[in-house]
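Labels A, B, C, D, E and F are assigned to the chains in the order they are written; within every chain, residues are numbered from 1.
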Amino acid sequence: MNHSLHTDEIIRLALAEDIGTGDVTTRSVIPEGKKIKGKFTAKEDGIVCGLEVAQRVFGFLDETICFTPAIRDGEKVAAGRLIAEIEGPAHGILSGERVALNFLQRLSGIATKAADYAAMVAGTNAIVVDTRKTTPGLRCLEKYAVKTGGAGNHRMNLSDGILIKDNHIKAAGGISAAVKAARENAPRMLKIEVEAETPEDVKEALEAGADIIMLDNMDVATMKKVVDMIDGKALVEASGNMDRRDIREVAATGVDMISIGALSHSSRALDISLKFE
Amino acid sequence: MNHSLHTDEIIRLALAEDIGTGDVTTRSVIPEGKKIKGKFTAKEDGIVCGLEVAQRVFGFLDETICFTPAIRDGEKVAAGRLIAEIEGPAHGILSGERVALNFLQRLSGIATKAADYAAMVAGTNAIVVDTRKTTPGLRCLEKYAVKTGGAGNHRMNLSDGILIKDNHIKAAGGISAAVKAARENAPRMLKIEVEAETPEDVKEALEAGADIIMLDNMDVATMKKVVDMIDGKALVEASGNMDRRDIREVAATGVDMISIGALSHSSRALDISLKFE
Amino acid sequence: MNHSLHTDEIIRLALAEDIGTGDVTTRSVIPEGKKIKGKFTAKEDGIVCGLEVAQRVFGFLDETICFTPAIRDGEKVAAGRLIAEIEGPAHGILSGERVALNFLQRLSGIATKAADYAAMVAGTNAIVVDTRKTTPGLRCLEKYAVKTGGAGNHRMNLSDGILIKDNHIKAAGGISAAVKAARENAPRMLKIEVEAETPEDVKEALEAGADIIMLDNMDVATMKKVVDMIDGKALVEASGNMDRRDIREVAATGVDMISIGALSHSSRALDISLKFE
Amino acid sequence: MNHSLHTDEIIRLALAEDIGTGDVTTRSVIPEGKKIKGKFTAKEDGIVCGLEVAQRVFGFLDETICFTPAIRDGEKVAAGRLIAEIEGPAHGILSGERVALNFLQRLSGIATKAADYAAMVAGTNAIVVDTRKTTPGLRCLEKYAVKTGGAGNHRMNLSDGILIKDNHIKAAGGISAAVKAARENAPRMLKIEVEAETPEDVKEALEAGADIIMLDNMDVATMKKVVDMIDGKALVEASGNMDRRDIREVAATGVDMISIGALSHSSRALDISLKFE
Amino acid sequence: MNHSLHTDEIIRLALAEDIGTGDVTTRSVIPEGKKIKGKFTAKEDGIVCGLEVAQRVFGFLDETICFTPAIRDGEKVAAGRLIAEIEGPAHGILSGERVALNFLQRLSGIATKAADYAAMVAGTNAIVVDTRKTTPGLRCLEKYAVKTGGAGNHRMNLSDGILIKDNHIKAAGGISAAVKAARENAPRMLKIEVEAETPEDVKEALEAGADIIMLDNMDVATMKKVVDMIDGKALVEASGNMDRRDIREVAATGVDMISIGALSHSSRALDISLKFE
Amino acid sequence: MNHSLHTDEIIRLALAEDIGTGDVTTRSVIPEGKKIKGKFTAKEDGIVCGLEVAQRVFGFLDETICFTPAIRDGEKVAAGRLIAEIEGPAHGILSGERVALNFLQRLSGIATKAADYAAMVAGTNAIVVDTRKTTPGLRCLEKYAVKTGGAGNHRMNLSDGILIKDNHIKAAGGISAAVKAARENAPRMLKIEVEAETPEDVKEALEAGADIIMLDNMDVATMKKVVDMIDGKALVEASGNMDRRDIREVAATGVDMISIGALSHSSRALDISLKFE
């Protein structure tokens, strides 16, 4: 993945907010020109993600810093495993350390969680996908972490997917009218997804020609019933607090996708340390 | 708090990444000019934070949207409590809904966690403070949420606090040398904080004239011992995986600050919904 | 249409490049504070587009300028028809005049051309759509002009539509392999479009499960044949120098979309004048 | 020409708007790391312009892409002529192809048109020059294309040339007053150009000391008369829908410059293809 | 003067660098919502310049701050004279005070110096003009201050004036060749100025058709001689450490312009205070 | 010092404002590709500062320009001393020359002034420090120049130092209340400085626990008295028009810091020339 176009702005913002007018400690305590060498190590098991971003962080500060990944994004590591080595001027390395770790730990945390969920539905028809409940400014990176962990991406933003929710349905005067309006007015390259709360909604959406039907907060029995009713005529997504439910059971109903907002909005950072020799 | 200088850039970034080339669903399904009205409601107990940011999000999209907070940042709410009302053009409101909620839920989640920790040490000498382990791009907002929740802020970035860590000490040739260098070279408006791993470190830091001493990963008994040794001649900060320890017990040793990275790096979003009439 | 998020950057760029360090003529010749009043008038028949952009141009220069559209974007005007009135400080109006006209004339030129093409296929199954051959920096505005003129939009950019072209097919090892890879790896909200040069390509794409098939540079007879073969199982797009062909005849083959790059890459500005009283 | 300061912003904007959140087709269909090789070829006769811009486009996406021009900006090519070769990672090349071509084709189209007009007045005293009727955001590039094609540049923007038009004249109270005000208030490094609609205007401008006189929409006979009257005491520019007139005839009147807005506002893209091996 | 397009960027930069992550003193000591009222007063005699900029500074921080100028840019004030009043929220006013004064004092210092020089040559044929030796980032504002003080502006930048200096002459192979090249290649709206170090240079420049001749570091006697020689056939500029010379004497030679770099590169801030009630 | 994060924005701004749409003189008079070679030389005695910035200026214009410093920032030079050599394409060098000199001369002027003041207090307990009275946009660079010249830095901005001034004191209801509020609400890493106008103020500040006391505009006798009273219990800063006083005498009172706004707000550029072979 080439991150430059999508991540430079957020990397600059992160460095600017962390460095302020300069790293007064390093600048006043460590002689300019001093070189150091260190290792990034996993302190718990997980999936690593964000190595290229970490590398760019240091590159912004000093082009002579050498950051050498020992593994690739997406690899599963055990606690104690070497992730990357770094070598170069102490000033740049120490000033960038925190920002690099902040990216690396957060993205690895999301990738690890995504891998956990993906494992839960392995072998079923369903895949786990993310949502738009991402951290402001980190959309592309967090979606990349989800994918790196082995889950899938739902739409990236409001422009690359049509998802007709309850509010749209109300405003348009019903499911059929809403789907019709979307088919007439929206670009034809996009599938039309419709949110359904009841089997009746599902039926109406199906007849209106929806390409994807999202089952919102349905119990498993109803889900099973509507999946049978849909019978492959549309893709089916299960949605609604899925992180608090037994997603293996949800997957067993035959849905195609299970979307989980908690993947990005409530992940825990993976513990990673940087120690110098 | 006047957010404009510090938050406009991240709000714009968040809107840009979520809206892409436009909200195709809303644009194709809902007539331009249609007005709607809705309520933001807490779906679990917590401290609300980020109302002004949410308001700015909608302001960027349509200046005629009326977002009216029902409470103020920092108020404790119970599940079901009304947080804010919104009214105006459906296009702008529906296109901004997700971004506004992403900010509001994350900041409220952090404020809630900060309030929990603050409650744990209430009545002791210690306050809970945050760290630099914040989400890239959200430093100012997350530190604001910590404060809103009732905990305190450690330094904002590398330029408004001197913190001499183990790596600085090694590179400078010991604690005394490092403190001396900081006193000579750094701006005099900043206190000098030194990381100490052993009582011997603490002693050396104290003699070198450190203003604050950070006890890194010490057990409670040792902490108690060094707090007595320091005897008010420097402020004392306890640090190191504090989210996994009994911080009430830590506070009882007499330390002045307990810093907790998990406040910002691993918080959970507070559940908040937006429903339309 | 609310243009602000998508057009402010290009408006600022356009004003910056046209004003430079200041309008020396106006500044040296016309007294500050002098007010003027003028009319934008169509000097040839066409569809007007870009009134809100023109309004924002003047707003950037002086918030007291009053720009009042006499019609709405998308209206057909005859030569001589009043388009908008403007009133306010001469300095701001004269300094912004050229940039406002540059936007208005270009967008109206595109809308006019789009309307012409749309009229050619009226009553058939086909709609005319645009391409990614737009002017650098003006993608959103030019696509908006196409829509305003009555034609449709193909994908906005590389992220909101899958279009597997000959180069992708070669690199992936054939149409079937490419479609399979897209289905497995790309977001499921997007339809899969495949470029086909021969009936055999069409057949393979159809069997691979393509949602849309683009017929590249086919003669009308072949087009007719493959449209029959596809028989509604996929949408069909006709493409390739369509501006030099009889698109009514192409439409008659039953294709669903005819894409025309010339809509944006080779349009002529509509003649519009601004005269002061 | 070193484009970096003037073109990076518009190149970034063009890439951002075309790539969106990523090239889903290439990313899902073509293996990362795959290399390709291709040729840019002219598909019609013309003057090529924009090679350095095209090169920068690819450089933004992947620094290892090798773009090698076979000719230089300003060369006349026949249909079929190789323009440049490209080699490197397929991901970067395919994602940048459209933007590079959009720049290259538009600038070559303008250069070609400029060359045509320059040829029409070859051997006369007149040169053809451009106007400020350029595409928003592309001012510098389009003026560069005009020059590359062999025509000349009028002022770049409102700050590097004084041009007193009818509106300025009215507001200032006549030609003499306007010229006097300009001489007193404007920087002395700039010549003063005045728009004249009648021989009387010309006379007044000449007496006021105008350095350049622009004849607006005059017929050829009148032009001839006033050129004789001016007799070298000022430069003379012919202006007003010159693209619809016989500019050879206009040139024969002895004017120094003929300005043509259509050079930039209504040019047609030159047909250029990129094919891979 | 409408400053917005030219000064917003530098105002934002100035505020960002001065406020950092927030005004900790004001925020921690003064209650939010507290209102204050103050007066800007001249503490020495001079010309005031920059009132609109100061106003914009406060506007960026809080739109409810009321900044009311008591005089206009360009007015001469005596020590003790009220310049402006300010009223509104203490937070915004105290946080913006320093930046507003930094602009106001610097620009007033330059305007005052410009007025001093202008007074020295009053009644002669010469005007005093500035140079490109301005403070990085403040070009437009400093040139505006020079003009406000009553002196004139030389070219704003490298694109709105042709000035052939010794290095250009050497590279071009002499004055005649350089002037010829400029006439052929540069836009015709710009006059051609040539630097001359000797009477011979002046003669060559005149014969080559230079519109303006800059006399570099000439003694007064030689200047007088060449002014006579030029005899109105070109404008004449005297240049070179003019701040260390008797410019009244220089003006008496009959030159048209005297350029003084010290106007902007070595001005002293005018003393202005802000006191609250 | 690695300038890139802090200076790129102001360098770009400076180049943009000086180059405008291009260096018309160089472009029209000097053949593209022509190489030149030159020397930067001190024309008066002083401390040189800004070599890395000058280097970056040329790097933005043409990466092949070779700028080789002959000395390092902070070195004292005599008139005539070689400062740096430059070699490369004439176009880039001549277009960047003025901006590079503007930075270099200003920063060297400040460093020289700082060195002068530092020399005046050499051997005393006091150091000279700067203020926030810097040029808008140049805060970091000017503070760097002060340090390079041998003086010290006061706070960089409003967020990395607490300074309770008279207005804060009034608003908070007295010195004691203000200091108490600061201690409770501000980050604990920052020392608390209080402005005092009288010995009574000093006493109150001391009792309130101020870490630093600023003596505002006190006469030397009073200063001496309060320094004795403070007796090392707080750092002492002398402030208020110090550039017009005998700072050696001020230093002799035993104060720790003497702050001088004139260091940055009224410095004179150091005379440096660039001559080509």
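Operating definition for what follows: contacts are C-beta pairs under 8 Å (C-beta built on N, C-alpha and C of every residue); 3 or more make two chains touch, one makes a residue touch a chain.
Predicted model only: the values in this text are computed from it and were never measured.
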Most widely separated chain from chain A, with each centre as the mean of CA atoms: E
Equivalent interface to A-C, taken from A-B, B-F or A-E so that over half of the residue contact pairs match: B-F
Interface residue identity across copies chain B, chain E - same or different by half: different
Euclidean distance of C-alpha centroids - chain B vs chain C, Å: 45
Averaged-CA centre spacing for the pair chain D and chain B, given as whole angstrom: 52
Intercentroid distance (Cα basis), chain F paired with chain E, Å: 22
Chain E residues counted as touching two or more neighbouring chains: 17, 19-22, 139-140, 156-157, 159-163, 187, 190
Partner chain B, residues of chain F touching it in the complex: 152-156, 159-163, 187-191, 193, 211-212, 235, 256-257
Residue numbers on chain E that touch chain B, as the complex places them: 15-16, 19-22, 32, 60-62, 91-92
Chain B partner contacts - residues on chain A that touch it in the complex: 9-11, 13-14, 17-31, 34, 36, 90, 94-95, 98-99, 101-103, 105-106, 109, 132-140, 156-165, 167-168, 170-172, 178, 181-182, 184-187, 190, 265-269, 276
Complex contact set, residues of chain E against chain A: 17, 20-21
Complex contacts: residues of chain C adjacent to chain B: 1-2, 4-6, 139-140, 143, 156-157, 159-160
